[in-house]
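One chain, chain A, appears in both complexes that follow, with chain B as partner in the first and chain C in the second.
Moving on, here comes the complex of A and B:
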């Protein structure tokens, strides 16, 4: 009951602020609900696009979740997705392969990129106890800058006629490496299936196996785990790297499924949204898909807002952040608690 | 900047000026963050406080052409945002990292929405009316002097006042502090609000010195760098201020390297890399010291055994 109340209260606050901002701009009070409707079932393709966004959000949420299970805040999912996406694009250019192999190579490269970017933070946290919140955040900025640098320096897309283009992007990847799309109308591709499988496997491992138990034990009570013989630091380190791997996979699927090249700036906020996805699912792998779907709708609303209104599409960012603020602070529990305390007195 | 510097002197002068310029907002935020750290509140919202107050300063200074009213608005905004952070984390007991980070995303979004609404410009807006803070020398503002002064005042407050002592006590053992009759939450609020006030000043510096420009997400992680400075200093304002200066100078050296043909992106990533490296060095030194202390203790113990024999 209180759990339902918690979601409803958070949604109400988000909806209220969004409606307030829209109505201050002269739109009707129900405008944001209309936006949400259009983004979900407004057109035959809208729903496909929601699923298209659900794919990377599910993976980036899972990446955050896996680290959170052992008590790490991996705020570097953003950067790990970036590097994964770039690596996936590069392997296709450097190593042309036949159809299925090319897809696999791209995905492996993406995963390697994610792991590579998580590695320094994971090592510093495990070996030296360096706060991972700051290091992961710092490496996000470095990832964006370095990826931009490498693309500009070595892999910038060639323009017919020798001119230069404004967007920092690589050439299109080989057709062999592209993940097949389900319909020609939307970017929704085989990646969704892949993401669902990975999430299901992760949920199984986390909930039903000894490894999963150890990971939760490490997160919930590191001292106790230590004494019961679980290699705490090792499990944490492994979870951090797997977290990076999943983030890298998300980047690879973005490159091979939708963008078909590495495009700087097109991945912005995907990692941070993953944190929101995981938090709303209360770090529970079962709830993750539903949560990713919910944020998929919000992500798709961003497009609707920028097309249908003059309001900045950042409105959606505000809504999701406020939703999380309200959700994490759980004001209803506070109210219930104070009310109870008062009655008992 | 085009071409290289005329002389070594010119280069040094440039680095000093640019170093103080970029260190100023970090120093404010790091001093503020130190107070939060002293009462054991991990203030991840520093970035949000800086960005929110930067926008407030820009908005008010643009409308009124007075940088001082802008500064006032920024201090108010910083304090209000800090009050929200304190309410959610201290009173409601929510996770500091989650709240701080969500606030950061919210403020990025909200300032972007307001920038589009008010100035009709999606990415960034250059103000013709905002003006800038008075400069002491070249691009070093008087506010840089204030930042240094506040670092010193912060040090005095921490180690030479009753409130500072109490705040540190609360940070080290809240239960004992509570038992000693201290109002723990009220001191926590006080510390977080002080962070907000200082971040307010730091935020105002960003759009109102140099170019009168506000761009979406213009803080670019300096709030997080300030957090790193606080961690490096274990919440001691003097050291945190020094760390802030170090990070400021790192980025200034980067900008100077740019004029020697180093690629833009590599140079811009210098302060972030320096932050990670500094955190590593701190952890390394701390562990070494702990090991040495343990060894010394063991030796003393052995000596005592010999004496007893």
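Moving on, here comes the complex of A and C:
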């Protein structure tokens, strides 16, 4: 009950401020609600677009969550997605395969890229106790710039007519490696199904199995785990790599499902948004899908608002930041506590 | 200092205090007075209301009814700051100093002397130094608080209270973290406080300490005062009876069996220090079936390391540990403790760790989570990698039932249980597997006398059923009451290994401080 109230209050505060800003600009007070309506059920494809954004958010949220379960703060999801995306694009160019195999190869390559980028951080944390917040955050810059450099230097797309190119991007991947889309009017693709399956399996493993038990124990009570005979460092290491793998998968799905190439800059903030998704879900694997869906709506609103109004799409970023702030501050806690105290008397 | 015999003025008066939490009446019309320059002890079992009463006095809890008078003035505390301003200070059981700050900084923290926002460091340090001298609390002013032993940290906490001009000093179970020697130091400090006219309130479980230090003893049970008497009107047995509400029978040691087969053999074990002190320089001893063997040692003597090695949490640098005829090598191919522990448990070892919060249970997970320790290889509880929750819940329920644990059920969080109840849960969990060797570290720490007696009886029962028990305790009375044999560790070596009949509190005390040679 108090949990529901917490979400509702945070959303209400975000909505109120957004409406206030819009009305100061001369729009009607309900303008932001209208934007939300258009972004979700306004057109036949709006809802599909929300799901298209939900897909990478769900996976990057899951990547953050898995590491968080064992007590790691994986801020490197961003970079791991980048590397996963590039690997997935490159394998298609380097190794042309028949239809289904090409898709699988791309996904495996993406996962490998994510794991590869998580590996040094995981190893440093395990072997020397190096703080993973520092290593993952720093490697993000390396990932973004190195991938961009690599593409520009060796795999830059050939432009028809030999003109100069504006964005740094690889050639389109083989059609065989593309994830099938549901309609040509939306980026929504088979990746959603994949993400849902992965999230469901992860939720089951985390909540019901011995592995999940051990991961929770390691994250919440390292000394309890040691006492119970759980190999603490090994489990944390494994979870870190799985976290990287899920991030890599998110990158591969972006490449194979929507972008159909590696495009520098198009993946920005996907990893950090995943962190927000996981935080709002309070690191609960069941709540993750709902949280990803919510952020998917906001992401899609960002596109709609710039089309429908003259207001900057940053307004939506402000709203989501306000939502997070209000959620973290938990203003209703005071009300709930007072109400409880009164009932006790 | 007032004459011991003359009726002293009541400085603290708590009258008709009642407080309920939900449906639970924690305090029911409680009236207590404490005279100036005296020690008033408040004793009672866990949950009797002692702590709640002291929280009322120190402003943590607001009572539903009743009045608080300090020095004849009625007070209504809304916060601890109100209480501090009225001269009431509390020294908590667990110290809460800032490890990275110096002692004097810790003392002034929160009430720093300043001028326009600038800390007057020299002045502050000098004030704290003078205070320490006046009350004979020899603390190193410039040392980092985190580097100090617990006993000194506690003295810093007392200084902190005095620095805030407390006339009333509440000590909440101050001796539970201290060794016998450190305890004497605390009592000396308490005498100084009395001489300076402070009003002391002393909460304790340990009757001998109460009788040795308090002028007045007030007994609480179920949120009420059951008796309030002068020290010279009391004896240990009567006091124990009024606390528990019934007679406490001495534990049944059973008939001492003939020395059975060796269960645990520790040979020439060596280990570097884990925290401080010498580690283990050399240790060899054996424990046989049917035996309860006590392990005593002043903190930092190496007994902690010894128990860590025996319970498989740490691999020794040299030497062998043999459990029930199986060497560590046989149960464990690698030296990885994570591989050793499950094998040791399978071989029949159980372990009650000293730290029930961080080691014994997982605080924020339901009890059934913590009930599963050492049982994940059992298909009853985990089949094909999937945890069987109904079985785990049933297991937790059984532990709660058989251990007499007060908990709402298998889904209760460990952090919602009182310390004593959590300890009962852990003990029962470890007893459930019929251990061949039970390693028990401070199992009665913070548990009231009735429950502690039952727990010691359970340790004896393990031995009577053919198991062996290794009991580590800083309470010499507990060791003398429960054990067949007592081992004393000093400076990383076993300096005493004697049958109980040959031990006295004096001989143990001498061995603990390294004063005695190996006895005849």
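Basically, the second predicted complex is superposed on the first by the 333 of 345 C-alpha atoms of A that agree within 3 Å, B and C clash if a C-alpha of one lies under 4 Å from a C-alpha of the other, contacts with A are read in each partner's own complex, and residues count from 1 in each chain.
Rule of thumb we're sticking to: a residue touches a chain if its C-beta (ideal position, glycine included) is under 8 Å from a C-beta of that chain, and two chains touch if they have at least 3 such contacts.
As the structure is a computational prediction, the values presented were derived from the model and not from experiment.
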Partners on chain A (chain B, chain C) - clash or fit: clash
Touched partner set for A:220, first chain B, second chain C, both or neither: second
Which of chain B and chain C A:73 touches, first, second, both or neither: first
First, second, both or neither for A:108, with chain B first and chain C second: neither
Dominant toucher of chain A (residue count), chain B or chain C: B
First (chain B), second (chain C), both or neither touched by A:318: first
Which of chain B and chain C A:290 touches, first, second, both or neither: neither
Which superposed partner A:208 touches (first chain B, second chain C, both, neither): second
Touch list for chain A against partner chain C, complex: 208-213, 216-217, 220-221, 223-224, 226-232, 234, 344
List of chain B residues in touch with chain A within their complex: 44, 88, 91-92, 94-95, 97-99, 101-103, 105-106, 108-110, 112-113, 115-117, 122, 216, 220-221, 224-225, 227-228, 231, 263-266, 268-269, 272-273, 275-276, 279-280, 283-284, 287
Chain B partner contacts - residues on chain A that touch it in the complex: 21, 24-25, 73, 75, 120, 124, 128-131, 133-135, 137-142, 145-146, 148-149, 152-153, 269, 272, 275-276, 279, 310-312, 314-318, 320-322, 324-325, 328-331, 334
Chain A contact footprint on chain C (complex, rising order): 20-22, 313, 336-342, 345, 351, 353, 355, 358-365, 369-370, 372-374, 376, 382, 385-387, 389
